[in-house]
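Would you mind keeping the following structure in view while I ask a few things?
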Amino acid sequence: MSDNFHEKCGIFGIYSKNAASDVTAHVYHALFALQHRGQESCGIAVCSEGLIQHYNDTGLVPDVFTKDTLDKLGKGGMAIGHVRYSTTGQKNRENAQPIVVRHIKGSMAIAHNGSVTNAAALREKLEREGALFHTTNDTEIILHVITKKRIQTSSIETAIEQAMHDIQGAYSLVIMSPSKLIAVRDPQGFRPLCMGKLHGDFIFASESCALDSIGADFIRDIEPGEIVVIDKDGDRSIKTHCGKQSGLCVFEYIYFARPDSVIEGASVHNARQRAGSFLALEHPVQADVVIGVPDSGLDAALGFSRQSGIPYGFGFVKNRYIGRTFIQPSQEERDRSVRIKLNTIEATVKNKRVVLIDDSIVRGTTMRRIVNLLRETGAKEVHLRISSPPFINPCYFGTDIDSRENLIACKMSIPEIREFLEADSLGYLSVDHVTKIAENAKCGFCYGCFSGKYPVPEPAPAPKNKFEFKIGELG
Amino acid sequence: MSDNFHEKCGIFGIYSKNAASDVTAHVYHALFALQHRGQESCGIAVCSEGLIQHYNDTGLVPDVFTKDTLDKLGKGGMAIGHVRYSTTGQKNRENAQPIVVRHIKGSMAIAHNGSVTNAAALREKLEREGALFHTTNDTEIILHVITKKRIQTSSIETAIEQAMHDIQGAYSLVIMSPSKLIAVRDPQGFRPLCMGKLHGDFIFASESCALDSIGADFIRDIEPGEIVVIDKDGDRSIKTHCGKQSGLCVFEYIYFARPDSVIEGASVHNARQRAGSFLALEHPVQADVVIGVPDSGLDAALGFSRQSGIPYGFGFVKNRYIGRTFIQPSQEERDRSVRIKLNTIEATVKNKRVVLIDDSIVRGTTMRRIVNLLRETGAKEVHLRISSPPFINPCYFGTDIDSRENLIACKMSIPEIREFLEADSLGYLSVDHVTKIAENAKCGFCYGCFSGKYPVPEPAPAPKNKFEFKIGELG
Amino acid sequence: MSDNFHEKCGIFGIYSKNAASDVTAHVYHALFALQHRGQESCGIAVCSEGLIQHYNDTGLVPDVFTKDTLDKLGKGGMAIGHVRYSTTGQKNRENAQPIVVRHIKGSMAIAHNGSVTNAAALREKLEREGALFHTTNDTEIILHVITKKRIQTSSIETAIEQAMHDIQGAYSLVIMSPSKLIAVRDPQGFRPLCMGKLHGDFIFASESCALDSIGADFIRDIEPGEIVVIDKDGDRSIKTHCGKQSGLCVFEYIYFARPDSVIEGASVHNARQRAGSFLALEHPVQADVVIGVPDSGLDAALGFSRQSGIPYGFGFVKNRYIGRTFIQPSQEERDRSVRIKLNTIEATVKNKRVVLIDDSIVRGTTMRRIVNLLRETGAKEVHLRISSPPFINPCYFGTDIDSRENLIACKMSIPEIREFLEADSLGYLSVDHVTKIAENAKCGFCYGCFSGKYPVPEPAPAPKNKFEFKIGELG
Amino acid sequence: MSDNFHEKCGIFGIYSKNAASDVTAHVYHALFALQHRGQESCGIAVCSEGLIQHYNDTGLVPDVFTKDTLDKLGKGGMAIGHVRYSTTGQKNRENAQPIVVRHIKGSMAIAHNGSVTNAAALREKLEREGALFHTTNDTEIILHVITKKRIQTSSIETAIEQAMHDIQGAYSLVIMSPSKLIAVRDPQGFRPLCMGKLHGDFIFASESCALDSIGADFIRDIEPGEIVVIDKDGDRSIKTHCGKQSGLCVFEYIYFARPDSVIEGASVHNARQRAGSFLALEHPVQADVVIGVPDSGLDAALGFSRQSGIPYGFGFVKNRYIGRTFIQPSQEERDRSVRIKLNTIEATVKNKRVVLIDDSIVRGTTMRRIVNLLRETGAKEVHLRISSPPFINPCYFGTDIDSRENLIACKMSIPEIREFLEADSLGYLSVDHVTKIAENAKCGFCYGCFSGKYPVPEPAPAPKNKFEFKIGELG
């Protein structure tokens, strides 16, 4: 609903002491809790007595996995899972994860959240050495790099440690070999990854809400650069890549993560509420009610309300049954039916001076419609407040905004944006404040999309669909 | 999620000046807005040049109606639609509405929200006269009663007017003959029904949110007892059944309707917020935060917060992707995985004295789990406040609580309920206050479920599944 | 494949001594054996302890009934089933059978094969008395007529016996009341219906191949006009309508029935083979090979070969995987791709004088393409022989040819048809011979489609879709 | 139905002069004609302007490819397709073909019919060099071997030519690079592959019936060992691997291929009929009728009849609607319901001495049931004749019989088999005669399954599921 961009993935893994445990059901329920991180495709790989089976498809978790499919995956001692968002509209089952392959020293399943910034160079090098690629995603490249190392090393974890010297960019990984479950986070820790325990079984998840969903306890975040290996002897860490400048994506707090998750010690809900409070301090306004755009603007609206003293209100009802298969109104109907997904509550906004809060603006087209909707409903004034700074730089680390071309803040000044959105006033959170929203967080942040300063050198922008099967010069 | 009972239906109708208008798409989008009133089955009947086609099935609106199905229904001059909740778990396509039949003077489609209290007597009488019944729902009985009258009368509306003398109970109807669209509301007006206009086309809907969803204007509520007839000459009213003691179901405000709807002049959101305010006056408490159970307790929680001055907070995240096909955890997993659907936000409740608001308690089992969840998350105290009175009497007028057997408030005193729920304190809204929540509403209310006083004499309880195809004595 | 017309239905019923028997599975397998009698929709109704449950849908038997659906229908003491062909292309779930209704003295399920010739008059009379119709098929009319009688009689069978005085035309019925299974055949016996037994359980089926499919023994055919009632006391007959001039549709032997069925004592395969033999006697020709159009012309081709001494050969391969959902070639592709469904075997026909046998010609367009295919494959001569007489009169008794408008033999002389089909010669079986194909059959035949002489007075042709929900004069 | 073994695959490819041609529809219809060669999964890869898109799934061609799916694949200049049978019962989408990969010099799609006999050794070598495998089928191994060569060569066809030195066993391939379509047949020519033309467009297909289905002309068979390359300059051949001892699988004539196909100049139908004639010469018998088991025994039955003078008859009706999803009868029902799939025609067999023809016997269990069925139907004697020799050796070249363990002829003598099958007599075609059935065929045959003499040295038997993802020693 909101005028937003998207996270690309969520990952999960479980290692049970019991070799015939209900790990498949746990991954299923955990992926359901991580569904907000990716709605295009999903998959589960289960390892039972060293044999890995997997099932991936496009669609939401409850649509892809039937009772029958889960039963066929069966019980096992380990399992990993993945949810994926994709920027391409087309159904693309081949790109679903986990990817499962066999190499000379065994088999391996991998699930990845992030984006490898030197993927094109790595892939070209691998192809020159004879590698074949079945998919267009960078996860397959990671697999090849690790496998190349694996041939010359005595363990999967050593291979991973060596491969990390070659792989650049954002990658939170869960990897399953026939006997080990391994979690990896890139040295900057762009994407979150945490560890939990359930009756002694080890669990890795993109967010702590996935732990909660299956009743597991949160243990700790994986450190940026850390490799955690779980096998029959328990857990151990490899920290040779730790200690660099960390750069967790600040948008995880602003929008991507679920408000009930806690990342690097900071509550996501709390961070959003704080963003709203800072916003009230930076851009005060005289008004009668503060409302948020559901669902992403609600927490910040509460913070703005508490800080400003302006009453918090429910301005909208979002249709609860919105799903992928909904048939859109025809163009002729569209203008008069914006309220199918989001309707205003007249009692809250009519004859009121309204402060409207959302987390970000990408294109601005949806936000413009929402502002108009409030005016039609009788709002006297609409003061728009955005709980993040203007979005003016591409993200190379695992989101779908990899160029500046659709960013309204790259094309217009803030007064122009305000005019375009037809708001009475417009205020963005400052870059300075956005770095402070995650109270007591134990790490540094990447806020390159706002500042242009990234924790690693800015990679050369890669062409879209760079690995599509295009014609070769030689054929 | 919430420990609630259910409305049985939502209805919608549209009459266009244009005989080949896109009425099917309008019904589709409007039913989508009314989906909260019934998730078991849905259907659309379209009238094009006097020929009525329909398609009904079990499932949610976006699942039942594909592009293909809508295209087959095609364009027309009129259409009606229905969403239905059913108390029986089984798929029951036969009971989906609208029902379309042919009788001696033409054909007819009907969609019904409510419950006929003398259905058994009417059906027996009709069967004695040779009537055959294809379904087990009371809508088919209404059809037969109207048709019997239709044979001896000169118009469908006269037949309806006469039939209303025989039919008792709750019924909001939209009826489509080959040339007329007719809206009917029972003399007490148990269930809501309103009229709107879109570019001169007439519309009837259970709730005003359905009008908003297609960009139509709200005109007025249908009066209790009123028959509104739309045909090529415009609209006209028959009011011979008007003027009785009205009794709109107060639970429409408390829980059934969408908060963005306005019923009988009163905003649903506002009514819920007022219920919360009254509750704060009746059952004050010292606490740190007020939270509501999503989604039904949120509005009242805001009212409680505003009245009490205790800060409003977000206590829970509800999984947005909950749907019908979700595979439930096994019994062994269930205890530790209550958080799949509803998870707590620790930052909001930990070490806090929490006021927890919900709209009602039916069985109490879900509420007990929610209270426990808050304690596990670190709430110091949990003060439960319910924005309606104790539910102690059956409802005969279109909900799924037609006996006392599952009502916790029939079995326990309020202190016992508090103890069962393991709450620190418990307060219900008084019956006196519940009648005042709908500010400026232009009608009377039925609150028999709380008071035992119904606007019509209490009907004899009918057996469940009373019209199932059971063995006859004679065979 | 063949240029043919269609039977409308197949029916089946079973009564078990055991009240919780696997009757549902038996009906499922039997309907599968009767699938050739109707591919549009199918349904099963099961009676368990007097409670009747049913499930109908459009589609083939193995597509409509999943394991899950069959399990929900469950075990019972009786069950009936139906397969249906429909002349309308549209999905029409409402018209699927069995129809299940409740009336004053119990409930009833019915499955019908045939066509009521006075349906329009009966329906108008019933509508005048207040009857409502949910479907457009004549089976619902039969239900109403029986129910009207049922009110004043002491048993269902008496009601049926009385109703038979009013219902004209073709009807083989299986009817299930809560305690009885009843089979009915109209006085002419237009459509087949036979009785079998399986371990003491009684069975009724349109064709004996359905008995074979579940391992049951054939007992006898139901007599034209007979009512057979099965209940806990065994079976008994009512024969008050027996003894009239019988008129089994001769096309059951020629095309409709499965060759492994035996009807009225005559083997269907044998009748077809005899038709081929008579054809060889009537229209001899000098040729090298006799081939049949699969599947309907194969048996007659064998008869022609045996009688003429010309070797029998396989001229075609029909694709085994043809199904409903096959995507047709585009118009541009169509001419060169007639061989998708039916391809020739060059080794059989090249440089040969070919006798081509099919059972009938309706429009002639498909046959013309088949003749051309043979020529392209190198046949020197193509002598077409049709194992039935020219089809020149409509059928009112349960097929889809209810007018003369598409019949090639109504528009052209036989020499003209030969020329149109581009065959070297053309011979039809004589009317005289067609009446003799069913060796030792114990009944008379209807061959009105060839002769214009029907066993009952020819009914006035009814308009197509006569019961569609069209506009009423009064609305 | 018949007691048979299975071919593993069918392949097809088309190269159009027109870069935006309807190649997808052609592959769809051709795969439909090749469906008998594999029913487990299928797929199509389309090349448009050098970009290759593909869609594979488990299921029959008309189920996997909807109008929507075909439209998404769109138009192109080249396309290849595949149907696959698998010995494993499990749904295995990953193993569906064509496989599409990208390598350093472009991209490539491949479809394979056959079996690589040194797959395990090749795979181990490739894995040692760092190759990753995504599937468990040998086609992926072929891809890797070709790609390894491709890096050091100037063209895809040179790489294929070199790779053929390393790859042993049976392989008919169609390979698509961004600019070329290439057909390859192994030096023995175990599996068929032919070339056709349609309006100047080149086509490759496993069988000529696929050419017929789209109206294309047959040009010639690809020679054993030949590589045919099609590009914008037309077609050219590489024959460096030609000239070895050829060994077309004789079972293509006996059972696998469609009777309307012509392979290596010999008609499949004719070959089967000849097999029946030889059988009559070898194993004469006094009898009244010759019948074949549908569909595979029918052609040979006709040959037996013609040679022996015993009349040909139709002994069975096979249910036309048998499909994958049919629910099998329960064990208790099974004995009495063998006739669901195959029913006898009493008029043909009762009181007759029957000669029953089938093409082969694998386990013998189905055949035993068929013999019994004939006796129950009243056959006086059942003389079984098999139109191939006893099957006593495994096949390593693309079928599903890769061990002796299920072969009845390995466990019993012919008299013992006769007794087990309860036939009155039993005769198999001699090995001597089986080599002569394909009249005028231009190649040698593999009949190792009968004789134990293979055209190449017998490979060491590989373990089943040899490439499943099993535990590695090192992990």
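We just call them A, B, C and D in the order they show up, numbering each chain from 1.
As a working rule, contacts are C-beta pairs under 8 Å (C-beta built on N, C-alpha and C of every residue); 3 or more make two chains touch, one makes a residue touch a chain.
Keep in mind that what you see is a predicted model, and the values were worked out from it rather than measured.
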Checklist entry - Which chain is most remote from chain B in terms of Cα centres? => result D
Checklist outcome for this item: Whole-angstrom distance, CA centroid of chain A to CA centroid of chain B, is 37
Next on the checklist: I'd like to verify one number: the distance from the centre of chain A to the centre of chain D, where each centre is the average of its C-alpha atoms, in whole angstrom.
Outcome noted: 47
Checklist entry - How far is the middle of chain A from the middle of chain C, if each middle is the mean of its Cα atoms, in Å? => result 60
Item to check | Multi-chain contact residues (two or more partners), chain A | outcome: none
Item to check | Pairwise touch network: line, ring, star, complete, or other | outcome: ring
Next on the checklist: According to the definition already given, which pairs of chains are in contact?
Outcome noted: A-B, A-D, B-C, C-D
Checklist entry - Within the complex, which stretch of chain D touches chain A? => result 49-53, 72, 90-91, 99-107, 124, 127-134, 143-144, 147-148, 151, 154-156, 177-180, 231, 467-475
Item to check | Footprint of chain A on chain B - complex, ascending | outcome: 22, 25-26, 28-29, 32-33, 35-36, 60-63, 65-67, 70, 198, 209, 212-216, 258-260, 262, 267, 269-270, 295, 298-299, 302, 306, 311-314, 316-317, 319-321, 323, 325-327, 329-330, 332-333, 335-340, 343-348
